[in-house]
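Shared between the two complexes below is chain A, which pairs with chain B and chain C, respectively.
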Partner chain A sequence: MSTQADAAAGTGVAPVPGPRRVALVGNPNTGKTTLFNRLCGLRHKTSNFPGTTQEARIGAVRGGAGPEVHLVDLPGVYSIELELPESEVCRRVLAGQLAAPGEAPGEPDAVCVVLDATNLPRNLVLAGEVLRRRLPTVVAVNMIDLARRRGLSPDAVVLARELGCPVVLVSARTGEGLERPGELLDLATIPTHTPPGTQDGVEAWAERIALAALSQPTPHAPGRRPLSDRMDALLLHPVSGTLVFALVMAGLFAAVFKVATYPMDWIDAIFTHAGGLVHAVLPEGLLGELVSEGVVAGVGATVVFLPQICLLFFLISMLEDTGYLARAAMAMDRVLRPFGLPGHAFVPLLSSHACALPGIMAARGVPDRRDRLATILVAPFMTCSARLPVYVLVTGVLFPRSPLLASAAFVGAYALGIVAGLASALIARRTVLRGPARPMVMELPSYKVPSLRTSLLTTWDRGFMFLKKAGTNILAICVVLWWLGAFPHVDPPARAVELREQAAALVASPDPSGPDPVALRAEADRLESAHAKARSLIGRMGRAVSPVFEPLGCDWRLTVGVLASFAAREVFVSTMAVLVVGEEDFEEEGVLRAITSATRDDGHTPVFTTATAASILVFFVLAMQCLPTLVVTARETGHSKWALLQFGWMSAVAYALALVVFQGLRAAGVS
Partner chain B sequence: MTQPRTCCCPPSVELRGDAPAAAPLPGACCAAGPCSPSQALATMRLTELRAGQVATICECALEPRDASVLRAMGLKHSARVRVCRVGEPFVVEVLFNGDRSSGSSRIGLARPLAGRVMVGDVSQA
Partner chain C sequence: MPMGDWQFWLVTAIAVLAAALVARAALPPRFLPRFLRRRKGTRAPLTVGGKPVGGERR
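Then we have the complex of A and B:
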């Protein structure tokens, strides 16, 4: 790293041994996250700074001369002196008043300031604010490859001399200047100069240094309109911009729902095979039932959606990296504004189509408090991937012989969620969140080829979070539901005993004209299981609450499914699987088919009639059925009253509309 | 919201309390008296510019919090900006050292916000 050596030499100060904790500071869109990923790879964890809504990513950097470095990725800020939450986090971390989870309190041992090489004057203002704190600092001038393509060649030696600390020219995207990542952070030294203390002073100081470092700028040829202008003219135009937006979103969701089908089928096959293996290996009894009916069927029904979640986050990350997502947010401002939401809400609402949790966390980027609260309140209306199993199940019931109509119902469910969310935002902004709307301002990053590495790491991060949730919360819910469904043990019904005796007699003395003993045993199994489930703890609970959900067409099983889904809606199919498996032969026909063909206690009425399926679909589109979302809403808004409002409003809207649908269909003669 | 400044004096120069809000006279905004001819500019709203025109920001007549965010983003008094796109949204490029050769950043603004930014010294890029 010759540039490092040169720059370090420019300060006249020898590098000190590597620090233990290094804070990564920079403007938004400087490639800070790409640099973090380049330095840490998969060796990082994501959480929140204690008592704040700001995400804290802490990574381990190896390869330096000193001990291992813990790199703390601070929020991207234009200034650490602004009265914004993200600026406050940066100020407090640098002052030693706030530490990332698991890190010892106190000032960081060093700071790495990331500058955008294509926009040094503005970025140097932030560098000046950090250097004033007199912490060991190293400056990474990132996107040097892009700057060179634009004819900009910042001089690292001049920058190091003027800033009074080591400066390295890097490209986190290509790895230039980062051949030995650990060495970059080892270079940090206490700055030899102190920038001016006033805002006017530090801005003039930054301009002077930028001019000195860019002493030989290449003049741009006048005349031709820049490509970025032409791209913006296309992408922000009311007609062409909307068309491109529609195409991009159609492509995004087509990829998510088409391409992801293949790995989803593989995962489904693995879990089905695992279920069969468990049956074969484990002895019959409670343990075998717990593993096959509780764990494998329940968790498998959730994990099968991992490919969709990963693919959605991968594509969103790629789009963000190209610079398009910021344009889409600007273009969406004019669409969302009439509903009281800013264009900033676009990314959170789009992310909520994968999962409401990252969507709500992404609402931190919405600068106005009322806008942010409105975005958080309506984000769970967007169809998240957890609803997909229910949509697949129910649209299949509604239109079993018409995939086209089933697809239309699927799209309609998405549209209903969006319309309900926008209408709710409008109501909220006119009532509980009344106030003037803040006009939108946003930096539009340079157009560039997206980084595959960054997108893959983001996908890994989000996918791991989902799996963790499936392996903890959902697994626990499945086990509890299985236990509630398995106890207390009851004697088999007389009809089942009779069928078994009949089957045994047929095996002892076969009668070619008589019934098939295997079929008789299967019918006995179904009757026994239904009898046991109906008298189990969960059956009793379902019966106790079913009067509330009967007007929506639910029997006790559906009532239990709906109730269990209030913890996490993806549990619905798992719950139905746990309730139905044993009654139906799911290994032969698959879990979903077993659920849709299940009958109520009378033995002939389907659990899912057409009217019930439509009602359940509307209910699941609109209802707030995700405990983690409520927890995150309370945390992000800073008050549980917003989570309670979200829960109450969404549940009331869902119940009312589902009631109208079921009763309306019944009145129209649809059973 | 502050009265629009009709000159390119630094923000530290106090504004006249009775400065006319509508059709202000160029350079008649400072409490200390009229500015020199070089400081007094024929100001206009940013939204009055055409795509491709370059101008100097004289005043951001915004709430202090919004103005400080714009300032941190580079949209500050005496900054040169080039209009990239007019309409909704309004897109400008903040130029360093007067042109794009030494670096720039691109900012999208809602049109009502752009309408509160006063500019002068207009030229064609």
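Then we have the complex of A and C:
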């Protein structure tokens, strides 16, 4: 690490012993997370900073001279002095007012400021703000490989002299300058200079240092624009940019559908075998039924979607790392503007595709109050990851033999959510939120080769969080639903008793021309199970509410599924599994097939007819079925009336459109 | 209800625990009894050299 030695020498200050806790600070798109992953690998945990929805990643770094270092990855910010949630988190962590979960409160022992080597003037403004805090600091000038390719050569010694702290030139993507990761953080020292305190002063200071540290860029060949400019011309063009965006999204979802099928089948088979194993190991009775029908079937029905969720986040992470997603945001700005939403709304709406909660919190970055309210109100229309299991299940029912059509329906569901959100924004901005919109200003990150390591670690994080949810909340909901579906015990129906007697008589005196006693017993089992479920506590609740959802094609089972999903959308699939398993033999055909082939009380009409599946899909795209989102909406808007408006509007739109779809398909002869 | 079956009481106890977990995850703290509420995150006043500092922007 010659660069480190040079930089440390440049300050004239010897490195202090390794810090215990280091905060990682940087602008967005500086490769901060890639550096975190390079330093910590899998030795990290993800949670939220207490009392915030800002994600906190804490990793352990080994290999330094001192004791083990805990590295805290702070949100990417342009300034720590802004009144934005992510800036506040950075400010409070650096001030010792906020600690990540599991960490003792107090100022960090050191700060590592990550700068983008291709954009030093702006990045140095943040470095100046951090240096003013007088904490032991080391500056990592990242993406040095990219800078060199562009003819930029930042001088680490000049930078270290001007900043008054050690400076290291690194490439988190290739590992350059990070051969011994722990040593980087051991270099932190208290800065020898204090940057100016005013905003204008620090900007001029940053400009001066950048000029001093950067050699002149290599001039481009005359008459030929740089490749990034030519790519921007294509990706930001109103027609080609939108076309590329549509193609990228369609390709992404087609890949998710096609590739994830194989691991999904494996997971389904594992849970199917687990159900059989439980029956074999546990004594016969209620406990065995709880484990096999409640826990294994219910959790298995959710976990089976893990490959699709992992693949989706992996591909999105790769796209983000290339710098394309920011271009997509610019391309989409033209689409948002006619609907009364500012360009600033794109980031909250894009975040809402993972989860509406961070999306709504990100709306704090929308400067105008009316714009912010409109963004918050429509954010839950965007398809969050909790809807994915329902989409996969229902599109599979609609197009069982065509993955291409199923993926088209999947993309259509995403598009419907976006269209409904934009239309709702337009209505809101012309009625309750009338007023002008502000123009969008956004910095486009450099194009980069995506980091496989970063994408894999992001995928691991998201997959682990999904499994954690399936292993806690969804497991708990499955247990409760199983109990409500198992009691009270009722006498078997007369027809089932009759079939059993008939089967017993046939076994006692076989009749080759008569019915098969095994088939008679299977039919008696099905009738008994359906009778018991229909008269259980949950069956009675479902029947009481089912008149509301009958016009959408729902029977009592689907009604219970829809109601249960108001706790969390993905619970719908688990609920259907718990309600169906017992009536259908899932040990032979797998949980998902058992759900899709389940029949209603009459024994022959499928629970999911084509019209019902389409209606359910539309309902889940549009309905507000997330209690935490309503709570956050009320908190962020400062009044529960906005949460009530959001719930009422989304529920009404979802019900009305699902009704139109179901009744329309029925009228067209589609059952 | 199969009151005489020990397994009934066991699965009922598990279901009650599960219902408490669901309520804890889904409901705002003010609607929950005290023992079900999540513990608040760690916060500490800003100090420099052991002395409190005022005027810090929040």
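Everything that follows uses one rule, which is that the second predicted complex is superposed on the first by the 505 of 671 C-alpha atoms of A that agree within 3 Å, B and C clash if a C-alpha of one lies under 4 Å from a C-alpha of the other, contacts with A are read in each partner's own complex, and residues count from 1 in each chain.
Going forward, contacts are C-beta pairs under 8 Å (C-beta built on N, C-alpha and C of every residue); 3 or more make two chains touch, one makes a residue touch a chain.
The structure displayed is predicted, hence computed values, not measured ones.
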Should A:Val653 be classified as contacting the first partner (chain B), the second (chain C), both, or neither?
-> neither
First (chain B), second (chain C), both or neither touched by A:Val139 | neither
Which partner does A:Leu94 reach: the first (chain B), the second (chain C), both, or neither?
-> neither
Larger contact residue set on chain A - chain B or chain C | B
Thinking of the overlay built on chain A, is A:Val25 touched by chain B (first), by chain C (second), by both, or by neither?
-> neither
First (chain B), second (chain C), both or neither: which does A:Leu286 touch?
-> second
Name the residues of chain A shared by its contacts with chain B and its contacts with chain C.
-> none
Chain A contacts chain C in the complex at 49-51, 81, 88, 91-92, 95-99, 101, 103-106, 285-287, 290, 472-473, 475-477, 479-480, 482-483, 486-489, 567-568, 627-628, 631
Can you name the residues of chain B that touch chain A in the complex?
-> 10, 12, 51-52, 65-66, 68-74, 76, 84-85, 87-89, 91, 94, 96-97, 99-113, 125
Where on chain A is chain B touching in the complex?
-> 78-79, 82-84, 117-122, 125, 147, 151-152, 199-200, 203, 207, 210-211, 214, 217-220, 222, 225-226, 228-229, 232-233, 236, 326-327, 330-331, 333-334, 337, 343, 367, 438-446
Any idea which chain C residues touch chain A in the complex?
-> 1-2, 5, 7-8, 10-12, 14-15, 17-19, 21-22, 25-28, 40-47, 56-58
